[in-house]
Structures are given as structure tokens and as C-alpha cells.
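Heads up, there are several structures right after this.
Here chain A shows up in two complexes: once beside chain B, once beside chain C.
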Partner chain A sequence: MFELVFQVLVYGVIIGAVYGLATMGLNLIWGVMRVVNFTHAELLTLGAYTAYWAWVLIGLNPIASIPLSALLGFVIGIFIFYIIIYRLLFSPDIHSTLVATFALGVALAELMKVLWTADYRGVPWALGVIKFSWFSIPITYVFTFISCILIIIIVYFILYRTYFGKSIRAVIWDSGAAAICGVNVKATLALGFALGSALAFIGGSLIVIYLPTGINPYMGHLYLLRCFVIAVVGGLGNPWGALAGGLVLGLLEQVSPIVLGYIPGVEPLSLTPFLSFLILIIVLLIMPEGILGRRR
Partner chain B sequence: MSSRAVSKTIAVIIAVIVIIAIAAAAMVMMPPAPSPTPPPPPTSPITTPTSPTTPKTTPISPTPTEKIPSEIRIGVAIQLSGAQVVEGSASFMGIKCAVQWINDRGGVNFKGVKVPLKLIYYDCESKRDYAVKLVEKLITEDKVDIVIHPYASTVIMATAPITEKYKMFSVQFGGSSDALYQQGFKYMVSTHGFAILHYWSTPFTMIKEADPTAKKVAIVFKDDEWGRSLGESARTKAKNFGFEIVYDRAYPPDITDATPMLREIAALNPDILCVGSHYKDGYLIATQLRDLRINIKWVIAQVAVAKPEFGDGLGKWAVGFIGETTWEPECKWEIIAAREGKEYYGPTSDELVEYYYKLGGKGRPSAYTGYGAIAVLVAAKCIEVAQSLDSDKLIEAAKTLDFYCVKSRFKVDPENPAKQIGSINPVVQWQRGEGDKLVYAVIYPFEFATSKPIPMPKWEEKEGWPELKP
Partner chain C sequence: MEDVGDAVKKYSGLILIYLLLILLSLISTAYLEIVYYVLFLMVISQSLNIIMGFGGLYNFGHAVFIGIGAYVFALLVVQGLNPYISMIAGGIVSSAVAFLIGIVVLRLRGPFFAICTLSTVPAVKYLIIGGKIAGGAAGITLFRYLGEAYNPYMLTYILLISSVAITILTLKVSASPLGYSLKALREDHDVAETSGVDTTRCKIIAFIISALFPGVAGGVLAFKIFWVMPETVIDLTWSIEAILIVLLGGSGTTIGPIIGAVVYEVLKDLLMRYFPGLQLLIFGLLVVAIISVAPEGIVGLLKNRFKRLRSFLI
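Right, the complex of A and B next:
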């Protein structure tokens, strides 16, 4: 029993860290500009494809392709911000960015299908396992976790030790006051969106390690729902809330099949998504701001 | 807006809805228009008439007024992209090979004349709703004579009502869910064995002989129609064979992490793991068994194992996985047909492989090539027996057939032609061959088996192996 609990916790933390990282971008964009970025799914997918093509064309493993994913994500994020988001940010209709990001997401998915077909692809990267007497963990999972920690430290450094990070936090807190204090809000918004996009790309590259054949133009939607749950549970607008929410969901996905398995007549794995959204509703009722969200 | 204007708007909307409802009801109640001589189809056909041969036929008296067509149009909506691209494309290759084989012999024998087959096909992109639209298009716009359904039970369950609506004779080759023959379809024949009737029997038979000590079975299956049928079949057959079922669970169709389930299974220490899967989820489970280093003596994974991609992707880690298949190049059903005194119709496996490469096939042809081929062969055989393209005559002809072809035996239940009862599934296993080669071995039926079954080597043992190449 102890071995099972230990394995569940370790796997839950690892996958939770990946989910959290994949959601940080969504949370950051919401925090900075109050935009629900429905393109997040396709940004994750593009990150996965970046890892795939880096593997196929230049032999880079998904971890090594993280800088490339980050750079591509950043550039595409700047592009999306200036072409679409900024034009609609101050629109009288508050739903225009929602609709625009949704439409852009669909367009990106279909473009990926045209470019790369809807065939399922994968990165068969395996380095063996680290084996204990009762437990084994793939080395690739360990690298993934270490990469997540490093990226989170880098994001922390950017947000808390740089002027840009200070301006992002100021805009999250109060964009009007930040402008009065001399913060270039437009540039901050653009860089915030780009950073969020880069994080989504990185999350996609890391998810590839868990999906031996699952890369396809529509894969992002499997994770978008998770990202929304994580963002709300952790605290909308707070990047660290995404990490907290990710850990909660990661552990939930590992623990709930075991717990639900004790209920007769229930298919535990199939019920896990239901449980995730039930938890979301409960959190919204008890703590509408999320675990680390701003108390009002 | 004033309340008067709102009322007017509502009234207009209601009127439009009523008009659409009346029009829809009228369309449903109107009988289908008779099909005239069809115009040329939009897609390129495969027709290469050459010197004819005379296959065995037992013709039924032809309808005097039925004209001999210049070509017999077979319509296919198939997965050439999307989630089921692997299965769909390989099946479509089999369809093309069989069409070419028949046309190279002049075509189908129809009232003393050889009539070539013409293939009209569309890519349904692995989308069920789109497949439904395409099948209807094939019938109503392209005016095909016979429809071959797409791959996969879930899709066929959507397209079969369309062919039934138009009373169109159709063949399904790629659906194994038992739900397919429980719907009362009158004009559809199945060439494929069904999960509950046919699957798991041959692997269990083989394991019983190879390892009488194997007792405990763990069953996992995809939570869709196909997977649930496989789960039920595994459950029933395991009990019939005297195994103890220690785990029996479904997993979501879009599963991305099977580790919680696999860890539970590992704790129960089963001798046999039965995985009722399609390719993506079967491959995921295989990789996660490897990642978790869970050693189980016998692992049978439906669909995934019987694909070249499984071995290509996993390499040495694939050794030991067992799968059921429906056709392999090594299958020589003509041997069994001769032994049983039954007719053998269509190309041999060697001939089918020849056509596969002639039509641009790469690598080893997968089982789905046989899936697609038998669909065309059965359609052609029904036409030759019925000597008609009338759906009622074709379905009656199908009920009388009992023959062997590349994909084992074709025989349907005369009371329920959607129920295939003759099919036999060969069993395959990935093995380590001489010279560190990865070998895809046929291990049952024994008449043409290429190797004996082996228990799955431990992951720790495989770690020390060099990389195996096919």
C-alpha cells in the first residue's frame, strides 16, 4: 500500500507540474489583460509539434527543444497580440476577445491539419528507468520534472527580479495605476501575452513526453479543459495559482482512479474528468477566487 | 424593440420553423428516386481490363429487364486522415488491390459479360458525422451500386442507417462490435469477425496449451462500442476457458495516462493482460507498461499489436506482445479451404501482397489490407451469384455463400446477414529473431504458423538487448 501511495504521489506531482506549467500562460494572460485565451489549446499543440519536428528534423529531444519552443511561442504571441488581441482589447463588447481567440484557435487547428494532416504522431524518446525495489520511474519523467522546476524558477526571476516582471505585476494589480506610474501598459500587455504564449508552447513540448502517439491538430482541447479547471482552482490571474492548481489536478488524476475503484459498478478512469469538474464547482462555491487568487 | 415588433419577429420565426418541418417530413416520406445511368464520378477510378479468367459461380436467374452496366460502381467513405488514418488507409489499399485483381481478370461476371469495377471514394477524416454525409452523397449523387462502410464500429453504426434508409446493399469490413448485428440491418453484410463471437478465443486457446499454469486474467478495454464489446467478450471467454478475472475496467477513449490503472493491475499480479483497444491507446498502454516496468507473462493487445507501426515504434520492447489479426501475408487459407472442400475465391495472400506493392504500398502490408480486400471480394461474389445489382437479390445471394478467401472464411447468419459467423482470427506475436531481428510471427493457426508462442520476456531482460530492427 505504501509503495502504491508513494508512486501515485510522485507521478501526480510530476504530471501536476507539467499541467501547472501548461496553465501558467493562460493565467498570466488573464491576469494581465483579462482575456480568456481560447487559443491556448492550439498554442499547446503548436508546442507539441515544435518538439515533434525538432525530433524528426534535427534529432532534438523534447527537453532540448524547450528553448526553441519558447522562442517560437514568444514570437507567435507578439504576432497574435498586435494583429488581433490589442485591436479588440478595448472593444465595447467584452466578448469580442473571447470570440476572436476561439476563432483563431479553430483556424490554427485547421491550418495545422492542412500542413501536417490529422495523422497521430509521437516522439518515441525513452532513456530507460530509475528503479527502486518497489518502484520505477522513467528517466524522461525525471528530466521533465527538473525542467518544470527550472522554468518555474526562471519565470519567478522574470516576474520578481526584472522591471518587466514588476510592470506585469503592476498591470495585473491595477492597470490604470500602473499607467499613472509610468508603466508602458501596451508593451507590458504585449510582452505578457508573448510570455504566456511561450509558456503554452513549453507546456506542449513537455506533454509530448507523456503522449507516445498522441500529437495531432486537435490534441490541445484535451488539455484546455484541464487548464481551465487548474486556472480556476488555483486562482485566475495568478501564475503560481496555476502551479498549485496543476499539482491538485495531477494528484487527483492519479489518486481518484484508485479511490473510485472501490465503488462497485463505477469505471474510475472514466469518472476522473467528472470529479475534476465537480471539484471546480465546489472550489468556485467555497473560494470563488481560487486557492491563491486575490481575496476581494 | 416594441412588443408589437417582438411578436412579429416571433411569428415569422415560428412560420419558418413550421415550413422547414413540413418540407423535412415530405422528404422523408417521399420514396427514393430510381437511379438512372450515372454520369462519370469526380474521383479517378482504378480500371485496367485485361484477359479474363472464369471464377466459380452459381448464378441465379437474371432479371430480364436489368441492363448490363458498363461498370459496377463501388462507393467507399474511408478514413484517409485523422485518428483512424492507419487503419483506414491500409484498408483502402486492400480495397484497391482487390478491385485491381478483379479488373485485371476482366471484371465481375455479369450475365456472361465481364463488367469492371469502378471505385468512388472520399476521405471521411475519421469524423463520424462527415462519414454519414459522404455515404449519403455516394448513394444520392454518385449513384453507386454498392457501398463499403468506413472502418470502425462507431462509424458504421452511424453510416449503416443511411444505407438501410436507401435499401442499398452494403458491406462492412471493419466493425467488430456486436451491436452491429443487433440493429436489424437488412441490407448490410459483415465480413469481419465480431468481438463477442470471435475475439479472444484463439489467443486463450493458445495460452491454455502453451502455459497451463496461467490462471489470472486482467481485462482493460476502451470505453466505446468496440472496446465494450471486446471487454464483454474477454470476460465471457475467460470464464469459459476457466481463467480467474482479477481486474475488469474500462478506460476513457481519449486516455492520456494509463499509469493509475496499470499500477493497480501490477499489484494483482495477473498471468494474462487483455487490452481491448484501438491503436493509439494500445500503444500508450504498451509504452506505459514498459515505463513502469510491469512484467506480465502474456499481454494481448487488440488492434495495436497487429500493426507494423507497433514494432517500428517500440523496437525491442515490442517483443512478447500478442495480438489477434485477420490477415497476414503468411496466411494461406487456400490450404484450409482445400482441406475442408470449400471454394476459395479471390487472390491468394501472395497475390494480394504483389498487388499491394504494385499499387505503391510501402513496408509490410498490415492486416487491414485483408480487411479491405474481402469487402470487395464479397461484393463481387454476391453480384456473380445474384447476377443482379438489385439489393434484395444481392443480400439473398450473400446469405447462401460459404467460401474462403484471403481473410479466412466468409459465412453469414442466413437470418441476420449483418452477423458474420465463419471468420477465424489468426494470432500474431512480436518476437526476437535470429541476428537480432524484430520478427512479426504468426503463431496460430498452426497449419501456417511461422513460430511458436513465447511468454513476454521481462523488461529487465529486454533492457540488456541490442536494438532490434524489423
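Right, the complex of A and C next:
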């Protein structure tokens, strides 16, 4: 029993860190420009494909391909921002960015299907297993966790130790006042969106490690629900909330199949997304600011 | 008599479209198929229009109502009930579920409402698969029960009746206190609330109305494909198509979704012929283009261009 609990906790924390990283971008973008980026899940899928193609074509493993996918995500984010988001930001209907990003997500998923077919793909990257007497863990998971922590530290550094990060935080706080103080709001919004998109790409590249054969153009559907649950549980707009939410969901996804397994006549793995939806609703109704509140 | 004449003149655009559809359906079975799809899309987008066009609430979970209608239909038909009564039952149950979902979800506003409704689609799907409800992932096959009763004309005309009913309902709603309240809360939720609009009640009523006919259409869909399974009847694509059609035609107008559905189906057919496999890609980009360039849709464009058409574009 103890082994099982320990295993579940460790796996939950590791997967939770990846989920948190993958959702940080969504929170950041909502915080900076009050846009729920429905394209997020497709950006994440693109990140997963980046890792896959880096593995197939160049032979890079998913962790080594992170700089590449971050760069791609950044560039694509800038494009999306200037072509679509910026002109809709000030439209009278607050829903227009929402519908536009949603439609863009649908189009991107279809584009991926056209380019790379709907086959399920995966990166067979394995480095062996660390075995303790009562517990074992793949080495790739350990590397993933370490790189997650490193990236989170880098993001912290960007947000709290650079001028760009300071202006992002200023725009989150009050974009009008930031503009008066000489912050170039448009450039900050663009960079914020690009950073969010780059984080989605990185998250996608890391998720590949948990999906031996799970990369396909429509994997975003499920990750969108996951990202929403994480973002809402942690508090939309708070990048650190995403980490807390990610840990909650990571643990839930590890624990619930085991617990649900005791209920006869159900499929525990498929019921887990429904549970996470219940959590989404409950959190939105009881504490809409998330479990961390609106701390900045 | 004068009143009737006025009404015919006022609604001539609508009547013309419906007459054309009936005529087309009688020409050949190939056209019947197209008319069936047009009407199906019309029913789901017109019903979405009530909550999305008038109320300004973007319900991304419209597909759930179709799924519930289909499942109720299948479960009742398996019990031996008349399929047409089962369809109506599907609509009613779908409305009841909308009431339950609405009580919870309609408290949320703007993006949170969209997030939650979008999440209802996978949530309901995985509830059915995971809970092994009504056959789980494999679903229920209906050919055994319905193979003899199948009549494509009947299905098409049920959709036609639903569509006409929902058009009349939309006209009634848009000229009723409920319609004005919805429009008020679309423009500004807080101002509407302070002016004495019971926003929650309005939203829930509109939500219930908007769930009724997708439920019926879900039954028709199940009848058509003889198979109810989570992946096909609770499909996010329905939500996407409904939103696209409402935006394409003109959100918040009665004739908008009708024109939108016709244009969409024609476009989709052409794209399938010339660019197979690329429809959703093109439609996704189309939505982005519409919302950036012409947020009022076809009806808005026509109204601006042709002033004389204005009285027909209701």
C-alpha cells in the first residue's frame, strides 16, 4: 500500500509539473490581455509534433528539442497575435477573440491532419529505469521533471528580473496606467502572447515523453479540457496558479483511476475527465479566483 | 385579409427559402439528402441563435443537446416506443438537461461560460464512455428496431417542421419581453440587471428553448445513421458548425442562420468536391475572417449593400 501511495504521489507531481508548465501560457495570456486562448491546445499539439519531428528527422530527444520548439512557438505566437488577436482586442464584442481563437484552433488541427495524417505517433525515447527496492521510475521522467523546474525558473527570471517581465506584470495590473508610465503596451502584449505560445509549445514537447504513442492532430481536445481545469483551479491570470492547478490535476489523474477501480461496472480511465470537469464547475462556482487567488 | 397579405410580404424571404427546400427535396433523392443536411444544420444553428445571437452567450456545448436527444431516442426505441414520439421525448429530456446545466453554468459570464460549455462536450462524452452508460463506447445499434420504419422523406420533413417551428418561435421571442431582455443583457449585462431584467431567469428560459429542437434533431440523426455512440453523436463538430453558421448568416437575426445554413452546405459541398479533406481547415479560417472583417455576417452585408432588401431581412 505504501509503495502504491508513494508511486502515485511521485508520478502525480511529475506529470502535474508538466501540466502546469503547459498551462502557464494560457494563464499568462489571459492575465495580460483578457483573452482566453482557445488555440492553446493546438499550439501544445504543434509542440508535440515539433518534438516528434525533431526526433525523427534530426535525432534530437524531446528535452533537447525544447529550445527549437520554444523558438517556433514564439514566432508562431507573434504571427497569431499580429494577424488575428490584435485587431480583435478592442472590438465591442468581448467574445470575438474567443470565437476567433477557437476557429483558429480547429483550422490548425485540420492543417496538422492534412500535413501529417491522423495517425497516432510517438517518440520511443527510453533511458532505462531507476530501481529502488520498493519503487521504480523511468530516467526520462526524472529528466523531464528537472527540465520543468529549470524552465519555470527561467520564466520566473523573465517575469521578475527583466524589463519585459516588469512591463508584462504592469500590464496585468493595469494596462492604462502602464501605458501612461511609458510601457509600450502593444509590444508587451505581442511578447506576452508569444511567450504564452512558446510555453504551450514547450509543454507539448514535454508531454510527448508520457505519450508513447499518443501524438495525433486531435489530441488537443482533451488537453483543452485539462488546461481549462488547471487554469481555473489555479486561478486564471496567475502564471503560478497554473503550477498549483497542474499539481492538483496531475495527482487527481493518478489517484482517481485507482479509486474509481473499486466501483464495479465503470471504466476508470475514461471517467477521470468527467471528474476533472466536475472540479472545474465546483471551483468556478465556489472560488472563481482559483485556489491561490489573484496573487501577482 | 390585408393582415395576411402583409405577413406574406414581410416574411416572403423566409417562405421562399422553405418552399425552395421542399421543391428540391421532391426532385430527386440526391437533392433530398442535401435538403436533409441543410435542414439539420438549420435546426441546430437556429436554436443556438436564440441564446448566442439574442443573448450574446456563446454556447460551445450545443452538441451535447444533440447527443442527449440521440441517446434518449435510442433508449426509448429499444424499449419499443414509436420512433417519432421518442424524438419528441428526446427534445423534452434535452430541455430538462439544459435546465440542469443552465442553473449551474449560466451563473458564469463571458469566457467562463464559454470554457464551461465547451468542457461539457468531453465531460458528457467521457461520462457515457467511462460510466458504461447505454452501451459505453460501443453505443447502441438501432437497425434491428428501425430498419423497416426508415423513411428519408419523413425524417427530412420532421426537420422541416422543427425548423419552421423554431423560426416562428424566434420571431415570437425576438418581439417579446424575453427577447428584449436578452438583447439588453447581450449589450450590457450589468446595465440590464440594474434596469430590472431578471437576467438569470431570462438566460435559463432561453437556454431551455435553445435545447428543445437540437434534442429532436439528435433523434433524427440517430434514426438516420441507426447507431448511437459517443464519438459520433456528441461531436464538437456540431458545435463548431452551429456557431459558424450563426456567424456566417448574421448573429441575432431570424433569417441569418437560415441563409447561413444554405450557404454553408453549398460551400461545404463544393469544397468536398474540389478540396476534399480541407473543409474544416477552410471553415476555421473563414470564421476568423468573418469575425475580423464582417462580424454581422451575410445579413449585415446585404443590409448595408441593398437598402431595398432591408424589410425582408428580419
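Structure notes:
Criterion: the second predicted complex is superposed on the first by the 288 of 296 C-alpha atoms of A that agree within 3 Å, B and C clash if a C-alpha of one lies under 4 Å from a C-alpha of the other, contacts with A are read in each partner's own complex, and residues count from 1 in each chain.
The criterion applied here is as follows: a residue touches a chain if its C-beta (ideal position, glycine included) is under 8 Å from a C-beta of that chain, and two chains touch if they have at least 3 such contacts.
Owing to the predicted nature of the structure, the values given are computational and were not obtained by experimental measurement.
In this overlay on chain A, chain B clashes with chain C.
Applying the stated contact rule after C-alpha superposition, one finds that A:273 touches each of chain B and chain C. Put chain B and chain C next to each other and count what each touches on chain A; the higher total goes to C.
Of the two partner chains, chain B is the only one that A:8 touches; chain C does not reach it. In the superposition on chain A, contact of A:232 is made with chain C only, not with chain B.
Contacts of A:67 after superposition on the shared chain: neither chain B nor chain C is touched. Within the superposed three-chain model, A:224 lies in touch with chain C and out of touch with chain B [touch as defined at top]. Residue contacts after overlaying the shared chain place A:110 against chain C, while chain B stays out of touching range. Of the two partner chains, chain C is the only one touched by A:265; chain B is not.
Stretch 24-32 is the one of chain B that runs into chain C, the other listed stretches 24-32, 78-86, 114-122 or 366-374 having no clashing C-alpha atoms.
When the two complexes are laid over each other on chain A, chain A has residues 113, 222, 267-270, 272-273 in contact with both chain B and chain C. By the touch criterion given at the top, residues 56, 58, 60, 104-105, 107-108, 110-112, 114-116, 118-120, 122-123, 126-127, 129-132, 136-137, 236, 240, 243-244, 247, 277-278, 280-288, 291-292, 295 of chain C touch chain A in their complex. The part of chain B that touches chain A in the complex is made up of residues 81-83, 85-86, 125-126, 223, 249-252, 254-261, 263-264, 267, 279-280, 283-284, 287, 290-293, 313-314, 317, 463. Considering their complex, residues 30, 36, 38, 84, 87-88, 91, 93-96, 98-100, 102-111, 113-114, 221-222, 224-225, 228-229, 232, 265-274, 277-278, 280-281, 284-285, 288 of chain A touch chain C. For chain A in complex with chain B, the touching residues are 4, 7-8, 11, 15, 113, 117-120, 122, 124, 126, 128-129, 131, 136, 138, 141, 210-214, 216, 222, 253-255, 257-258, 261, 267-270, 272-273.
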